[in-house]
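Attaching a single structure in structure tokens format; questions to follow.
Chain IDs A, B, C, D and E follow the sequence of writing; residue 1 opens each chain.
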Amino acid sequence: MIVDRRIGLFILMRESLLTLTLLGAWDVFVVVMFQVFHQDWMEQPTLPVSLLGSAVALFLGVRNNAAYGRWWEARTLWGAITNNCRSFGRQAGSLLGGRPDLACAMAAYPYALRAALGRLDGSADVSRLLPPEMQGAIAGWNNQPNAILYQIGLAVNEEVARQGIDGAVHGQIDRILSDLANAQGGLERIRNTPLAIQFSLIPRLVANIFCVILPLSMVQTLGWITPLGSSLVGLLFVALDKIGSDLQDPFDNSPHAMPMRTMARTIEIDLLQPVDIPVGGPLAPVRGVQS
Amino acid sequence: MIVDRRIGLFILMRESLLTLTLLGAWDVFVVVMFQVFHQDWMEQPTLPVSLLGSAVALFLGVRNNAAYGRWWEARTLWGAITNNCRSFGRQAGSLLGGRPDLACAMAAYPYALRAALGRLDGSADVSRLLPPEMQGAIAGWNNQPNAILYQIGLAVNEEVARQGIDGAVHGQIDRILSDLANAQGGLERIRNTPLAIQFSLIPRLVANIFCVILPLSMVQTLGWITPLGSSLVGLLFVALDKIGSDLQDPFDNSPHAMPMRTMARTIEIDLLQPVDIPVGGPLAPVRGVQS
Amino acid sequence: MIVDRRIGLFILMRESLLTLTLLGAWDVFVVVMFQVFHQDWMEQPTLPVSLLGSAVALFLGVRNNAAYGRWWEARTLWGAITNNCRSFGRQAGSLLGGRPDLACAMAAYPYALRAALGRLDGSADVSRLLPPEMQGAIAGWNNQPNAILYQIGLAVNEEVARQGIDGAVHGQIDRILSDLANAQGGLERIRNTPLAIQFSLIPRLVANIFCVILPLSMVQTLGWITPLGSSLVGLLFVALDKIGSDLQDPFDNSPHAMPMRTMARTIEIDLLQPVDIPVGGPLAPVRGVQS
Amino acid sequence: MIVDRRIGLFILMRESLLTLTLLGAWDVFVVVMFQVFHQDWMEQPTLPVSLLGSAVALFLGVRNNAAYGRWWEARTLWGAITNNCRSFGRQAGSLLGGRPDLACAMAAYPYALRAALGRLDGSADVSRLLPPEMQGAIAGWNNQPNAILYQIGLAVNEEVARQGIDGAVHGQIDRILSDLANAQGGLERIRNTPLAIQFSLIPRLVANIFCVILPLSMVQTLGWITPLGSSLVGLLFVALDKIGSDLQDPFDNSPHAMPMRTMARTIEIDLLQPVDIPVGGPLAPVRGVQS
Amino acid sequence: MIVDRRIGLFILMRESLLTLTLLGAWDVFVVVMFQVFHQDWMEQPTLPVSLLGSAVALFLGVRNNAAYGRWWEARTLWGAITNNCRSFGRQAGSLLGGRPDLACAMAAYPYALRAALGRLDGSADVSRLLPPEMQGAIAGWNNQPNAILYQIGLAVNEEVARQGIDGAVHGQIDRILSDLANAQGGLERIRNTPLAIQFSLIPRLVANIFCVILPLSMVQTLGWITPLGSSLVGLLFVALDKIGSDLQDPFDNSPHAMPMRTMARTIEIDLLQPVDIPVGGPLAPVRGVQS
């Protein structure tokens, strides 16, 4: 996630450079053809640009709302991971009477989840935090974060039996684990269900066609300054499409992705400080991007 | 659900071929009639195409939002099925002290649900996973997935009585079963309540009428290239209608339906791995489509 | 609710016939006046039809979103009734150890609720299912469905005391009753709070005025085919208004209302089959309409 | 809340009369100036009315969605008050074994809440229903409805201790009180946080400016019938602004406010009938308005 | 938050003064250049202003909806803080049998939260309310409000053990603490995740470019009154952008921020009045702004 506005503007410009160049080149080509070589077939007074424009706007509007909705839902679900990890930490301290190993195991959970969502290797962080016996127990499972929750559930169960803790209190801890499972499932749902292909492919196609037609419809009235007008409008539509495609996959390895690593680190700090395990500071953004 | 972008583009094109052909043929017919045979009655300078276009856009906007909302709600509810099945697996392992047969029964549940929602035969998967005595008990019930939940509830009850498990813990397990019933009811609601007929019929009708009128209003100014402009705009509106109708029935037997079989398989894996029952890998997409 | 597309199209046409006739008659009148009698005062070249059109579209957009939202919320709340009735059935069978009379009492609840929401007489179904002593206890109460929930709550209480069931389990059953009360309250809220009068009256008025002005602004350019263009556009706006007004009152006695009777029947089946009380099949749609 | 459509139309007209008169007078003034005195400076062929119109529409669209969202959220929260008061009544009857005084105290709660939200005096209803000892205990508190909930919580606590009721059952009752506190907090949030001043002031200003400019841009083409076209369009935009401002403050003392008094009465009936305390009928609307 | 409409209008004007001046100066420059010096290159009859305008509107529409959604979600989450603090107060009084020190500790919580969210120093209020031993325990923690919740959880745990309170009742109190942790996490999520840079940077850029182009496209037809038309339209688009940027960061130190200090004070009053600790009145707005 980009957190520095200047660098963000720079990144956006770098990403748009190719499109801008192509667009500008085509616009210049059209205007030269028309003004210098007088290609009459280009003289299309009223190509239905405005109808096309409103259809494109309709497509992009629906898509961008959906993409933003996905991104914000993903962020909200990570928020739920944060909250419930913290609540588990409080419960481990108060209801279970302190169990630093369980706080550590829970601190490993967001790292494992981040690795699974981003299809990365997270074993370094997980093996740093997860108690060794749990590491053995979850080896070979398909769904590593779910396996960690399962093992924590077993450990809580044993602790409850050992201390003779009341069932209602046990139920309250189990509810937090279920809430974590719900949030994790929601994140997996967003990763496994890409935005319907109609929404991700067609808007891009249509916006590009629109950009090709645009200068043809303007060249007669605007003449030599066509590229200015046409590129500006075209760039806007391309930018609208780009916003949608940047946001629609929040776990991708891009500067626009959710800062899962930073958030996992925050959870680790919130879990380990109360049980007096030394832990470093939060992650700083690298070149304006929080990863 | 289409997961491969190239194949997706191909599928979309194949599905749109007929419409494109008809549209193109009509456009060519209009332009030939006008340019060659000089049919003056076609000269309708200002047929109210833009007013019509905005009414169509209004219809399609509302419909597509509703259709996407239905699709995403269905997906979210299947996500809740996944999450709660997993949580039940964790509870069976920790709170009930391991009951592999209940994990198996729960693994049969999403297959039965998928069969009921898609009006398919799911007996092979169900009879593979469901314990035999439960299979006998649910025979003849109208609502098979609900029957499985009912039987699991009875079995949990017996286990709780046998082990003398605390009521609050029992309540926590029962809550998961209620949450599953809620998610199942939501999915049935979406299947049994098609999008109001006004939203599914009228937009298609209107988009088609719009496509018929479109070339008439363009032929005077665009001349021989009318089919290009008209087909492009028409295709966009037809595509907008198609997106809505693809998404509005998420359980249909189409490449755009939710991948219920794949998701049931994922649940099976997540439930059976912890209790050490051998289970194969997840389902791979077939020709770019996850079923 | 209309479930058959053909019959649905027929119903929609029948309902729109009068509007279509009036609209067409006015359009023909205008064109005849203008073309035959040359009424010059009709020549209003640029009546601000497009500004008016966008204001109307704004009104109808907001209203139809609100109306659809009401309809879908009502349907979702009925879904919650279904789910919680089922969960109560499971709890009566498992947690309370089977109480067929309570399952029957709960099966009477949706019939009473449907009667209260639709302002119908539902005593036949209620007296068929509700145990006689409860029928006596609820006589004279204003809110019959709430009274049934109250009596079920008392009966559960007695059963819990008799069997010495754990309080947490009791709490879990009570939660289902509270959830039913919440869903019922939501349905009553929608029935008792019609869509704000500004949203239900003004759009209709405005759409009608728009239809009256429409042919005046077209007759100069379109001439004899004015009625075609004008009626088409007018019909679309009237149809948009009609969709909203069909959906905004989901409990009315109309073919567009929610199929509350069918849903009550489904709940009855799901509740009585597990306790082996013979029960018929689900209700079939009558002439394409599920009531 | 207006419940009678005819009277509603009359109220809306009465409220719009002044605006309509001013608008019409200005329109007539413009047309007379232009047609009779030939003021040339008024001849502004293409004042950017359509650009202005779409900016106004954008403002009003966002505002009206927000205002309707506030209104409906407020209504939903009152619904939650209703539901939870009813559930508390059922719990007082079943779980606590009947406590008519607590049902009465809870019946006083919505009256106190309505008084606090509407900044009215509700002491008559509260002192009629609230047990005298509670009246003494809450005197002098800033937040009267919260004080009533607090006292009910204390009374429930004593009753639980006296009867030795299970903690889980107690927890279930406490949950209802927390849910009431949540709904109350939500209502206070809506009252204390007026719609951001940018949304409530600017749309009105802009709609008014728009109405002033409108006839200037039409008078050339429409001539003497300018006031008709201009007033119609202007009235629509003013009406759109008015809808938003009617809905944005749902607790104001206006015919468009939520019928809090009627709803408090309904709750009273639902709470007192089960404990056999005589209670009158629901409130009838007064001149088409439910207060 | 601005609560006085007059002062609000004044603040909005003051904030817009610079923009208005720059905009007006540019408009005047354009018109003078065109009318006096007859710069022909300015004569751009049909710069694609309407296409540009609709792209800008699309951008601003999506952004402002997102910004308003963030603001209202933040406000709703603070409402949840309020509600759960109150519920904790009721529970401390009833379930825990009165613990004024815990009510005080909870009253310190919103002050600490406000300080953390607004990156302010809140130690004065926190040290005034938080019991000294807790102040020692939380020193050095990164997340101060979370630390307070943790300490309250420990204190509740001890009290429960001392009085032998039922586990289910304990669970109910712990649920309130978890709900507080959820609301706090939500607020931190909004603060830590600024609106995606594409939504906050591009709309401003585009709106500004639009304002620069606007007079060029109007000067031919409007002549000397161009600045009036152009500034009005430009100001509207700039105002739309400003609304979004005012709302998108609800914890900033600006007159448009959420009144966190006032709300913390309200919570303090609601918590301390029941335990008879003297407390002052609510905070009054300062010059029309509630801070």
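Note that in this section contacts are C-beta pairs under 8 Å (C-beta built on N, C-alpha and C of every residue); 3 or more make two chains touch, one makes a residue touch a chain.
Here's who's who by UniProt: A, B, C, D, E = Bestrophin, RFP-TM, chloride channel.
For clarity, every value in this text was computed on a predicted model and none was experimentally measured.
Asker: Work out which chains are contact partners of both subunit C and subunit E.
Answerer: A, B, D
Asker: Since subunit B and subunit E are copies of the same chain sequence, what is the angle of the rotation superposing the Cα atoms of one on the other, rounded to the nearest 5°?
Answerer: In short, 145 degrees.
Asker: Measuring from the mean C-alpha position of subunit A to the mean C-alpha position of subunit E, what distance in angstrom results?
Answerer: Subunit A and subunit E have C-alpha centres separated by 24 Å.
Asker: For subunit A versus subunit C, what separation do you get between their C-alpha means, in angstrom?
Answerer: Using C-alpha averages as centres, the distance is 38 Å.
Asker: Which residues belonging to subunit B are in contact with no fewer than two other chains?
Answerer: 50, 54, 61, 166-169, 171, 175
Asker: Looking only at which chains touch which, which shape fits best: line, ring, star, complete or other?
Answerer: Topology of touching chains reads as complete, every chain touching all others.
Asker: Would you pull the subunit B residues touching subunit C in the complex into a rising list?
Answerer: 44-48, 50-52, 54-56, 58-59, 61-62, 66, 141-143, 146-147, 149-150, 153-154, 156-157, 166-171, 174-175, 177-178, 181-182, 184-186, 188-189, 193-194, 196-202, 206, 209
Asker: Which positions of subunit A touch subunit C when the two form their complex?
Answerer: Residues 167-168, 171.
Asker: Within their complex, state which residues of subunit A touch subunit E.
Answerer: Spelled out, the residues of subunit A in touch with subunit E are 1-3, 5, 8-9, 12, 49-50, 53-54, 57, 60-61, 64-65, 68, 71-72, 75-76, 78-80, 82-84, 86-87, 89-91, 93-95, 165-169, 171-172, 176, 218, 221-222, 225, 229-230, 232-233, 236-237, 239-240, 242-243, 246-247, 256, 269-270, 273-274, 282.
Asker: For a test of understanding, state which residues of subunit E touch subunit C in their complex under the given definition.
Answerer: On the subunit E side, the touching residues are 168.
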